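This report concerns only the one structure given below.
Naming follows writing order (A, B, C, D, E and F), and every chain is counted from residue 1.
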Amino acid sequence: MAKKSKERIGIYAGSFDPLTLGHIAMIKEAAILVDRLIIAIGINPAKQGLFTIPERVDLINEEIKNGALKGIKGCKLEAKSYDCMTVKFAQQVGAAVMFRGLRSANDFNDELGLALTNKDQDSSIKTAFLITDPTLTSVSSSMAKALIQNDGKVSTYLTPAIEKATRTKLSL
Amino acid sequence: MAKKSKERIGIYAGSFDPLTLGHIAMIKEAAILVDRLIIAIGINPAKQGLFTIPERVDLINEEIKNGALKGIKGCKLEAKSYDCMTVKFAQQVGAAVMFRGLRSANDFNDELGLALTNKDQDSSIKTAFLITDPTLTSVSSSMAKALIQNDGKVSTYLTPAIEKATRTKLSL
Amino acid sequence: MAKKSKERIGIYAGSFDPLTLGHIAMIKEAAILVDRLIIAIGINPAKQGLFTIPERVDLINEEIKNGALKGIKGCKLEAKSYDCMTVKFAQQVGAAVMFRGLRSANDFNDELGLALTNKDQDSSIKTAFLITDPTLTSVSSSMAKALIQNDGKVSTYLTPAIEKATRTKLSL
Amino acid sequence: MAKKSKERIGIYAGSFDPLTLGHIAMIKEAAILVDRLIIAIGINPAKQGLFTIPERVDLINEEIKNGALKGIKGCKLEAKSYDCMTVKFAQQVGAAVMFRGLRSANDFNDELGLALTNKDQDSSIKTAFLITDPTLTSVSSSMAKALIQNDGKVSTYLTPAIEKATRTKLSL
Amino acid sequence: MAKKSKERIGIYAGSFDPLTLGHIAMIKEAAILVDRLIIAIGINPAKQGLFTIPERVDLINEEIKNGALKGIKGCKLEAKSYDCMTVKFAQQVGAAVMFRGLRSANDFNDELGLALTNKDQDSSIKTAFLITDPTLTSVSSSMAKALIQNDGKVSTYLTPAIEKATRTKLSL
Amino acid sequence: MAKKSKERIGIYAGSFDPLTLGHIAMIKEAAILVDRLIIAIGINPAKQGLFTIPERVDLINEEIKNGALKGIKGCKLEAKSYDCMTVKFAQQVGAAVMFRGLRSANDFNDELGLALTNKDQDSSIKTAFLITDPTLTSVSSSMAKALIQNDGKVSTYLTPAIEKATRTKLSL
């Protein structure tokens, strides 16, 4: 029974500025594969986001507690920020796997290079690619923000709570 | 502790005619992510293989017991054949995830369609894509067989035991 | 008003063995762009289909009269078979445009070569590529037939009438 | 004859800074498919162009009146600028279809996401992808400007009038 | 001056059934890079061609002597057949490089695997990829044959001599 | 013997900020194909690099004299900077061919456009694409710099001398 004594941990890293329905679908896929999933918000000092890092953590935690990520069984979810290489953060939290979403062949070619770089840094940490519902192919944080700024619909991109927070932020 | 009471099972399906070093690298990657990994040999009545299905099972089991797949910790490996849709076989064995290797963007486009078809049949069974060492990009069973038939080197394609078995088969 | 005196005709060619929901979505897209759309069934003597050519014509005509293709406004639909190069058939029926569906980047690379060949044969006949709902990405006639033969679900692939006809054919 | 009472309108959107021979080839393709084609110049406040928006409109109108776009039959061409989402502009002008040029598989993957976003905003407006002569694959406004600045040839990229205007602008 | 004492040899392998204008454009590109270029016709016992191997050699030699490949300076051209792995044939003739044409990203992904396999067999023999005029993107031997059989134009695919020979063969 | 009286010259252009092991592998491939290979450092006034142009030249020359590029037979290597279009620099130095590395299908689509533009400028100068060891797929100057700044390993990316110089520069 030794194999079950060790919790299997995964990370799903991104900027989550803000979390989208595409991210949420990915998290639900990844949650099947690990005992604990860390939604890891990378701090990029060179890039000013719409939401602050603590705000992004809060938005994700709120979805975990009361929103679209509530009630996932068999996997503990948590949001954390980090300010180092993703593979080093994975080492620190003891993750066995980093999950990445793939939407198109363009994604794949870029992701392959990144995955090989990470494997070169620490071959014990794996990269697993997941796909989501094809209807979410075009969903991204930046597209959601652009749609709000151009009076488009975003109900297929964001949860109600996050849509509301994003509209508020963008109108400041 | 409920989440640990359930074993996480994955399948890695293929024709394995025969198992290559590319397959072996994939199996080692996948073994990190599940408690049990079933190497699933699809029976294709329309396609005459080089090895019979029981021979392929034996070759894989031999590598698990005494070869390149020996000593993998935290994951039980086993070879099984099946003669139905892969997603149905995954249901039968209680698998949470089907692993697929991705080598190129061409692979991705084909695999995406297959993964979406499988998701449409049973959305509870996930597809996770893994990559292997880039040196194994060009390794395939058919290339290995073609190289042997054309007096090429196959030591980067097959284990010694499987190379020997394949040479014997091809010289019959 | 001269420009309106000429009816704009398009063709959507394929083997339609049988028509799928993916084809139907494409036809609905193309119907917006032309006054008449010919669903053109290519006769391939080298390839034995599941349905005969007259059966395929009938299945499509039945969907136009009473099924999923009923009630399309502003565009007359009709099914026709042909046994020459598609671009020559387009010339014969006076078509301005041939519609093709694109599902992935792999499709695109193959289709580009075909479109350039057709342009080389007759540059006055255009090729327009359309996309369908992403949920239909993995839908194909061959996949639908394979699913039926393997006890899979096909309700997202075929209309009820065509599913029934296909099940009957496959059980003969 | 009801179907002919409604004019079919298309838009071909871009920044056209300036119009290239690649754009012109696309416009000629699209003109076969609609009764009216609006060459729609998107206003991007964040991006300073070489030509002002009114200058770009004038350059295109001049080609329509006296240049490479003169004499196209069966389709009325006009240049218009807009400063909203392209799909909203399409709604405003009553367009049935937005045309996009495809040059490579990279283009396709990016364009697919955009087309799906637009379909999500308004599913009644279609996206049709066209290809141009393969010799025009590498033609772009930015390449034309870079070639002029580096003493390269641009006669395969720009009409004489637009080449002259661009050289004048770049020498200011 | 030692470096000039050694002739640089390249091979351009294919089935050439028959040689097309696409092949000819490739040969002209490759001829700039080597002192001797062997047009290498692979013998595939499993595949019955239209022309016999000696006929294909003759057709190419005729173009070298009196046709589209006449007058190439600084590179000696010759057609040879071979019935082993291409990389082994390259070793036998002392070639430094194998040339391959690339038409699309699909080609690239397939060619990459092949090039890596060849590098694995003999890392001293290089693979160099060349592109041709974009107008030749869709040219292939099989497309030329299909066009002749379907009463299409092939003047952009074949030289006059090879078109004549192909028409004769196909009408037998 | 006329063909041997003319030296065959190639250029391998890039920003080399700094030279990586990926570049070095490419240079070794290209060196087989030409008598002289110019490692051409493009001066981009709009982009501030880590190393100055003379520093980059020195780093490359040092590798040629005493490092990883020492002892290449049959091809003279030299580093040169240039501040015009690459194809014009190729003309100036009498190069027959420009070498480009291809790592993925994404690379290919971008490179194809560039190669066609260059062919349009001067069709006598060829572009040849080479591949490197697949283990070097993810190696780039920018990745090497990012890894050093994030305490990652770079021994698979840079030579010892260039790693040292880069660490020194980045710590200033």
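Operating definition for what follows: a residue touches a chain if its C-beta (ideal position, glycine included) is under 8 Å from a C-beta of that chain, and two chains touch if they have at least 3 such contacts.
Only a predicted model underlies this, so the values are computations on that prediction, with no experimental measurement involved.
Under the contact definition, subunit B and subunit F share the contacting chains A, E. Mostly identical positions are employed by subunit C and subunit D in their mutual contact, as over half of the interface residue numbers are shared between these two copies. At the far end from subunit B, in terms of centres built from Cα atoms, lies D.
With chains reduced to the mean position of their C-alpha atoms, the one farthest from subunit C is F. In terms of their C-alpha centroids, the spacing between subunit C and subunit E amounts to 37 Å.
Between the Cα centres of subunit A and subunit B there is a gap of 29 Å.
Annotation for subunit E: residues 104-106, 109, 112, 116, 133-134, 137 touch two or more other chains. By the definition of touch given earlier, these chain pairs are in contact: A-B, A-C, A-D, A-F, B-C, B-E, B-F, C-D, C-E, D-E, D-F, E-F.
For subunit E in complex with subunit D, the touching residues are 104-106, 133-135, 137. The residues of subunit F lying in touch with subunit A in their complex are 103-107, 137-138, 143, 147, 150-153, 156.
Taken together, the subunit C residues at the contact with subunit D in this complex read 2-4, 6-8, 29, 32-35, 73-76, 96-97, 102, 105-106, 108-109, 112, 115-116, 119, 124, 126-131, 133-134. Residues of subunit C that touch subunit E in their complex: 84-85, 87-88, 105-106, 109-110, 112-114, 116-117, 120-121.
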